[in-house]
Amino acid sequence: MFVHNKRLQYTVRVSESNPGLANLMLEQFGGPQGELAAACRYFTQALGEDDPGRKDMLLDIATEELSHLEIIGTIVAMLNKGAKGRLAEGNEAEAELYRSITGAGNDSHVTQVLYGGGPPLVNSAGVPWSAAYIDTIGEPTADLRSNIAAEARAKIVYERLINVTDDPGIKDALGFLMTREAAHLKSFEKALYAISPNFPPGKMPVDPAYATKYFNMSQGDGDMRGSWNSDENFDYVTDGDQEVPADDDDGLPTVALSENDKSTLDAMALRTQSDPKVNPVTGVELGEEDGAALDKGV
Amino acid sequence: MFVHNKRLQYTVRVSESNPGLANLMLEQFGGPQGELAAACRYFTQALGEDDPGRKDMLLDIATEELSHLEIIGTIVAMLNKGAKGRLAEGNEAEAELYRSITGAGNDSHVTQVLYGGGPPLVNSAGVPWSAAYIDTIGEPTADLRSNIAAEARAKIVYERLINVTDDPGIKDALGFLMTREAAHLKSFEKALYAISPNFPPGKMPVDPAYATKYFNMSQGDGDMRGSWNSDENFDYVTDGDQEVPADDDDGLPTVALSENDKSTLDAMALRTQSDPKVNPVTGVELGEEDGAALDKGV
Amino acid sequence: MFVHNKRLQYTVRVSESNPGLANLMLEQFGGPQGELAAACRYFTQALGEDDPGRKDMLLDIATEELSHLEIIGTIVAMLNKGAKGRLAEGNEAEAELYRSITGAGNDSHVTQVLYGGGPPLVNSAGVPWSAAYIDTIGEPTADLRSNIAAEARAKIVYERLINVTDDPGIKDALGFLMTREAAHLKSFEKALYAISPNFPPGKMPVDPAYATKYFNMSQGDGDMRGSWNSDENFDYVTDGDQEVPADDDDGLPTVALSENDKSTLDAMALRTQSDPKVNPVTGVELGEEDGAALDKGV
Amino acid sequence: MFVHNKRLQYTVRVSESNPGLANLMLEQFGGPQGELAAACRYFTQALGEDDPGRKDMLLDIATEELSHLEIIGTIVAMLNKGAKGRLAEGNEAEAELYRSITGAGNDSHVTQVLYGGGPPLVNSAGVPWSAAYIDTIGEPTADLRSNIAAEARAKIVYERLINVTDDPGIKDALGFLMTREAAHLKSFEKALYAISPNFPPGKMPVDPAYATKYFNMSQGDGDMRGSWNSDENFDYVTDGDQEVPADDDDGLPTVALSENDKSTLDAMALRTQSDPKVNPVTGVELGEEDGAALDKGV
Amino acid sequence: MFVHNKRLQYTVRVSESNPGLANLMLEQFGGPQGELAAACRYFTQALGEDDPGRKDMLLDIATEELSHLEIIGTIVAMLNKGAKGRLAEGNEAEAELYRSITGAGNDSHVTQVLYGGGPPLVNSAGVPWSAAYIDTIGEPTADLRSNIAAEARAKIVYERLINVTDDPGIKDALGFLMTREAAHLKSFEKALYAISPNFPPGKMPVDPAYATKYFNMSQGDGDMRGSWNSDENFDYVTDGDQEVPADDDDGLPTVALSENDKSTLDAMALRTQSDPKVNPVTGVELGEEDGAALDKGV
Amino acid sequence: MFVHNKRLQYTVRVSESNPGLANLMLEQFGGPQGELAAACRYFTQALGEDDPGRKDMLLDIATEELSHLEIIGTIVAMLNKGAKGRLAEGNEAEAELYRSITGAGNDSHVTQVLYGGGPPLVNSAGVPWSAAYIDTIGEPTADLRSNIAAEARAKIVYERLINVTDDPGIKDALGFLMTREAAHLKSFEKALYAISPNFPPGKMPVDPAYATKYFNMSQGDGDMRGSWNSDENFDYVTDGDQEVPADDDDGLPTVALSENDKSTLDAMALRTQSDPKVNPVTGVELGEEDGAALDKGV
């Protein structure tokens, strides 16, 4: 069960209201790399987890991410606070209000007209948060890698947000949030490598015939070798412009069908055949400059 | 530019038509961990990439993933081939057709009624593929980690699909696809660690005051220590049931507002106050068993 | 900031594993009327709220809803626990595994193949949770009404879930959750009616010319009168089959345009006119049974 | 069946073309609180409704909302009419066209480039309308509350739109639409309270042990009492910083499993354990500043 | 403005309740090819249309499609009517109710648990309707072609639904709806070809250098010629396995950059280079069977 | 299988970096009418196609569309190249960076903050690409019409993009892409009309009683006749303001129900009746200006 403490995990001091900046901050509130995604990711993993160490860690970090969601949402609310009352009270000239929500440097009209200056769970484009952002699949050697990647992404988006604001209180709080992503990344790395072996992920062995092949599928000037495709690590396959199936078979798909299915398919094929022997008049000819000649009325 | 070769990268031999199994296979065609996601992920990264080695690698792997998309889509098409003609030709009894698309072991009615037995870009629940599945953010130390995780997830989903079919041709092709995910994972690892340093991701340094703290936010029986929160690696913070802000400040948010904004907000606050001193009659009282007494008609 | 306590807010005892039932329970985990929606709804409202009483109440209830999310997610995890290991370990015959995820009474293949038996934030159809489910707009006289309605809906979905399971431990926990929705509904009602006036919602007065009209727009047998359209409460407008604009004007839209815009539009109109005086040959005639006669090759 | 009358339900007179304002108006056309949502909400409820009074009312109001959809869509079309021809005819300098769709005060590039100046069913952010906005669940004591809330929200969004335009014809038409929302709200209230009892919603009784409890889950400075949690109306539960399960049980979840499931889970647990006794080298150490020392090539 | 007439446009007689069949029928209610899509498509086109003939036609057909939406929604409601009361009243054994919503031939649990047996705007997979299904772009020579295609698709989905039911009243009503799609298709064809010329669509001329080329991009056994790529109609380009850029230039992209941008990009390139000269130890080596040797504790 | 050639299918020369223009170009990269949609549409049709001519054509065109996706994505990448390094390196003043991503003429903040200046699969509003954009249903007489329409739409959106840029290299490349859409349209027309008959689409005959009726459902000034509803082509039905069911029956839906279902529905009806004989006090009365009189405390 959760308990809430009315103090934030990190103190937020905003020096002035700025709805355009508030809108950018939404990336880490309701955006794909934001704190709701992080909290939901770890919390749902925790519920399905049976390993006691990982379960405890996931609950710790999920709870911290909820506290981060509160911090970034509070930054949005503070930045919108000045603007919030203006549309609601409507005691300014309309043209001024219009400018205040659509001016240069300020793409905040969605936040204001639709959400009234509150912190909605959308990104800075106004796209609602979706659980499609969460890539958990219920296998720790995959999910921990996903968590590591998610923390890396969140770290970067915070870095970008810090680069576009000069409000010291916001920079400070964002710096805390950015740093915590790196700390979480490290915990997830430790938990992953404490599973042995963890590569390849899962249980089923890979096929040694294809496990170290590297197919040079993009060809031409620009081909380059490095450890990711070097002979040291891989069996590099390049067959000029003529690729062959990896299994050295014919590369043609087949399926065995019942007689009944076959005859039904034959009937369908006949009915829907595009006859290669005709050159039909089509809509294109009818629609071209001189198509009017085909007017039935003529 | 792309060129297509009519042979598959791996030969597909399906032993019988089975639309219920076809539906499960859609997870790796139009599902979140499937081949379209993989191909789009690497191809769009390649277009934005300036590092010549990574660009080449991303194009190689993106092109291979497109070839995998073709393999898994062909498996779906083969498994649906028998069923495809049946609804189209409609020469069976209706009740039989109804059973054939909604029976036990066969959740294929969407594929058949809506998509006509073709391979649609949806997952096995019928949810359309979305670019929200792609988590690329344009920074290699994050994107390569995301790619590593994506390959791990795809490997696992193939493993599960292999576990639910006994068709040897399908098992064989899925085994090839599963194996290639592990090979790609390795290439991405090499490319990531060939960037030095790559931790923390991005350019901006983290705040040392918070970089190695571990907050024990979930408390009670079940707390556990391991390398992910050990004293060796972290500064473990647990303050019983009473959490304090990480910055030792008051944890209370503030924003400086103009006089005009303040007075507008005051007006709004007054107008919309929920008065704590009244106990109003509400819809609940009106709606309860004896609410009829308030009928105006009485 | 949030703190987590490892005990659930309500004890969950599940009598046997049942992935089909687990799937139904997802409606209240990642479904539109479920606990994530509730928690996000109240938490984001709280962040934007300045009224101290409502803010406190919203935080209390949001935190409780997170605790409910944990309860229902734990029920899903318990119901899936038996199934979770089976696909992962893959030590059963494939046909048996196939049946166990697609059999009658068991639409759990998405949960299992894609999510590995964990509790994903999707509904029972596998549709990912979306913040589009949240209808908060940042005005208390609207948002409190939305909250009241949301609690009513959640109460009903719990009622339906209770009706389809006979596991006493699950029925018991769902009964607790269902009851709490009613309690929250009552709190929101009190907070709404403690705002005076709260009707009409918002600040701007309505137009008395149209505020009490009821338009009988659907006509024919079945017209019925009641307090929702009675003369006592409304001015009932029915003009047979011939509706007239409510403003008694001509009902025709106009816009003033610049000369330049007008001439551009005229050019566009001319270019794209569908000429009513011709009867063109079209694709339909080409495509009908005897369309072959138009083959250019003839 | 529906019949359409070419006159609008309210006459629309727009004083000049303004695609930026048109874009804002989309909130009530294809936005979550807009007229399509309203029409679909009531129409689908009507189809499933068996109570003759509610069915008639829902059809009346659904039909009126369709007529409102036509009004707001016509406003959008009028505001875009000047702009519509410009991209299509392309007879201006490119730079001027570019400015006319991306300038300050004018976030209309999506409407124009993608939708050609027509009225698309998207909101002002360009997010397509989704039936996920409709919260109907097929139970009148919930659906009527949802309808009341929906009308309150729509009233507010119209209020905001009126506040940002000074075009008198638009203000007038929006005022009509805003007013009608309040009238509909009243009809839905009457229909709700004409069901007796209607609280708690649905049929199943709530558990008296938990129906009047209020849990003080968010603690600290800011706790406040009012009718929504007062002793008069609720049993206020606050246990300092130490919450206990509401059922006074241990709060620990259990599920009974078969022997077979248990041993499979044990195998999985062993295979995927994150070993708390090791401190593994991880990607973090490899990636840090001095990670190069681990280069195999050294 | 719309007016509603309580009689359906076509009489619906359902011979027995069948929630599984109701679920399939949702494809034409809230599915991508269904009647809501049709009605919204033509209605929004009509609002933006200035050509008087097309505007009238679009309003006629949009209104008819709304009447069709009512017919198919009524079929869904009738098929669900028996089931609707069962979950609501809950006076059956739970196991029986469970079976009645999840049994073979009956994928109706979403409709019932979430939507209470009403007709929701989702398809048969439970995916909510989305305006992303509408492809209108505000240009008649494109939109009329889109409408023609939409009618063709709807005709086919009705055909499939007719093939899976033997209820004569439903077959009859679906036959009416199917037929009307063909009639609308014909009207749209006439309106399209009454624009002259209508090919190529829009105003801007195509480049004659590329307008009749056909690129044989997919090569190998299976290449086939027909009127769609015949020499009669096209300039067929096939260059073996070695495609060259269509413009006979080098196919390499360039952009002119400022000095400042160049130096920033150089700095970024250096910082994020994947060094091709090293062969770094990576997570893969750490995670493989013998990765434990790298345990720091050793 | 696919092979990639590092040269583009058309050479791209961009004269200067412009992230605002890059954002518009996204419409044809990740937008609904863009190249990913085209490539996926034809590729998935090809996989399910058994007609050898159409299959070959679909693979040829799908492969070309992938090559177009690369061209438009490369344009986006080139236009963003200057901006890409700026947020990443962060060596400018924050205010300048802020302006560079939110200024007039430049709605690129999503591309930059979230996607780091890469080419994401979103449209110019930031909405992620969705397979809901693809309308393939697995029947060639419908799918080819859908393809024709899709090519027409894509042609138009390119035309609009050409109209808003004066960069000659971009105009040139877009002109190539635009032209190819028209060429593909022609191939699809040929393949469609090479099926005989192709109207009505599919196999099932339409009902002659309704196949040529035109219902004048929208009435009033503005009714107009043309070939789309002329007596020559249609049986024009207009019955003043009083529409009658097309089948001349009563237009009332019925369903046969079991006794048990009937009594359950009766119980539900009674329980949830909105009683037309009462005029209940409601929330509206409580909430109006003088609602305070109902305060229980009074």
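Letters A, B, C, D, E and F mark the chains as written, and numbering starts fresh at 1 in each.
By our rule, contacts are C-beta pairs under 8 Å (C-beta built on N, C-alpha and C of every residue); 3 or more make two chains touch, one makes a residue touch a chain.
Since this is a predicted model, take the numbers as computed values, not measurements.
Least step count on the touch graph, chain C to chain E: 1. Of the two chain pairs examined here, B-E and B-F, it is B-F that is joined by more C-beta pairs in contact.
Repeated interface, listed pairs C-F, C-D or B-E, reference C-E: B-E, with more than half of the contact pairs matching by residue number.
Because chain B and chain D carry the same sequence, their contact can be compared by residue number, and over half of the numbers here are used by both.
Taking the mean of the C-alpha atoms as each chain's centre, chain D and chain F sit 21 Å apart.
Chain geometry summary: the mean Cα position of chain A and that of chain E are 22 Å apart.
Listed for chain D are residues 1-9, 32-33, 50, 53, 59-60, 62-63, 67, 74, 77, 81, 84, 88-90, 104, 107, 114, 116, 122, 125-128, 130, 132, 137, 139, 141, 148, 156-157, 159, 162-163, 185-186, 190-196, 199, 202-204, 217-218, 222-224, 226-228, 233, 241-243, 245, 251, 265, 268, 271, 274-276, 278-284, 286, 291-292, each touching two or more other chains. By the touch criterion stated above, chain E contacts chain B in their complex at residues 20-21, 23-24, 27, 31-33, 104-107, 123-127, 156-157, 159-166, 217-223, 241, 243, 245, 251, 265, 268-269, 271-276, 278-284. Across the interface of their complex, chain E is touched by residues 1-9, 30, 36, 40, 43-45, 47-48, 50, 59-60, 62-63, 66-67, 69-70, 73-74, 76-77, 80-81, 84, 88-90, 114-122, 128-132, 134, 136-139, 202-204, 278-283, 286, 291-292, 294-297 of chain D.
Those residues of chain C that touch chain B in the complex are listed here as 1-7, 50-51, 53-54, 87-88, 90, 93-95, 97-99, 101-104, 107, 109-110, 112-114, 116, 122, 125-128, 139-141, 148, 185-186, 189-196, 203. Interface residues of chain A, counted against chain E in their complex, comprise 141, 192-193, 196-199, 224-228, 230, 232-233, 240-242, 274-280, 283-284, 286-289, 291-292. The touching residues of chain E, when paired with chain F in their complex, are 3, 5-17, 32-33, 52-53, 55-57, 59-64, 67, 74-75, 77-79, 81-82, 84-86, 88-89, 91, 130, 132-133, 135, 137, 139, 141-142, 145-146, 148-150, 152-153, 155-157, 159, 162-163, 175-176, 178-180, 182-183, 185-188, 190-191, 194, 199-204, 206-207, 209-218, 222-224, 226-229, 233-234, 241-247, 249-258, 261, 264-265, 267-268, 271.
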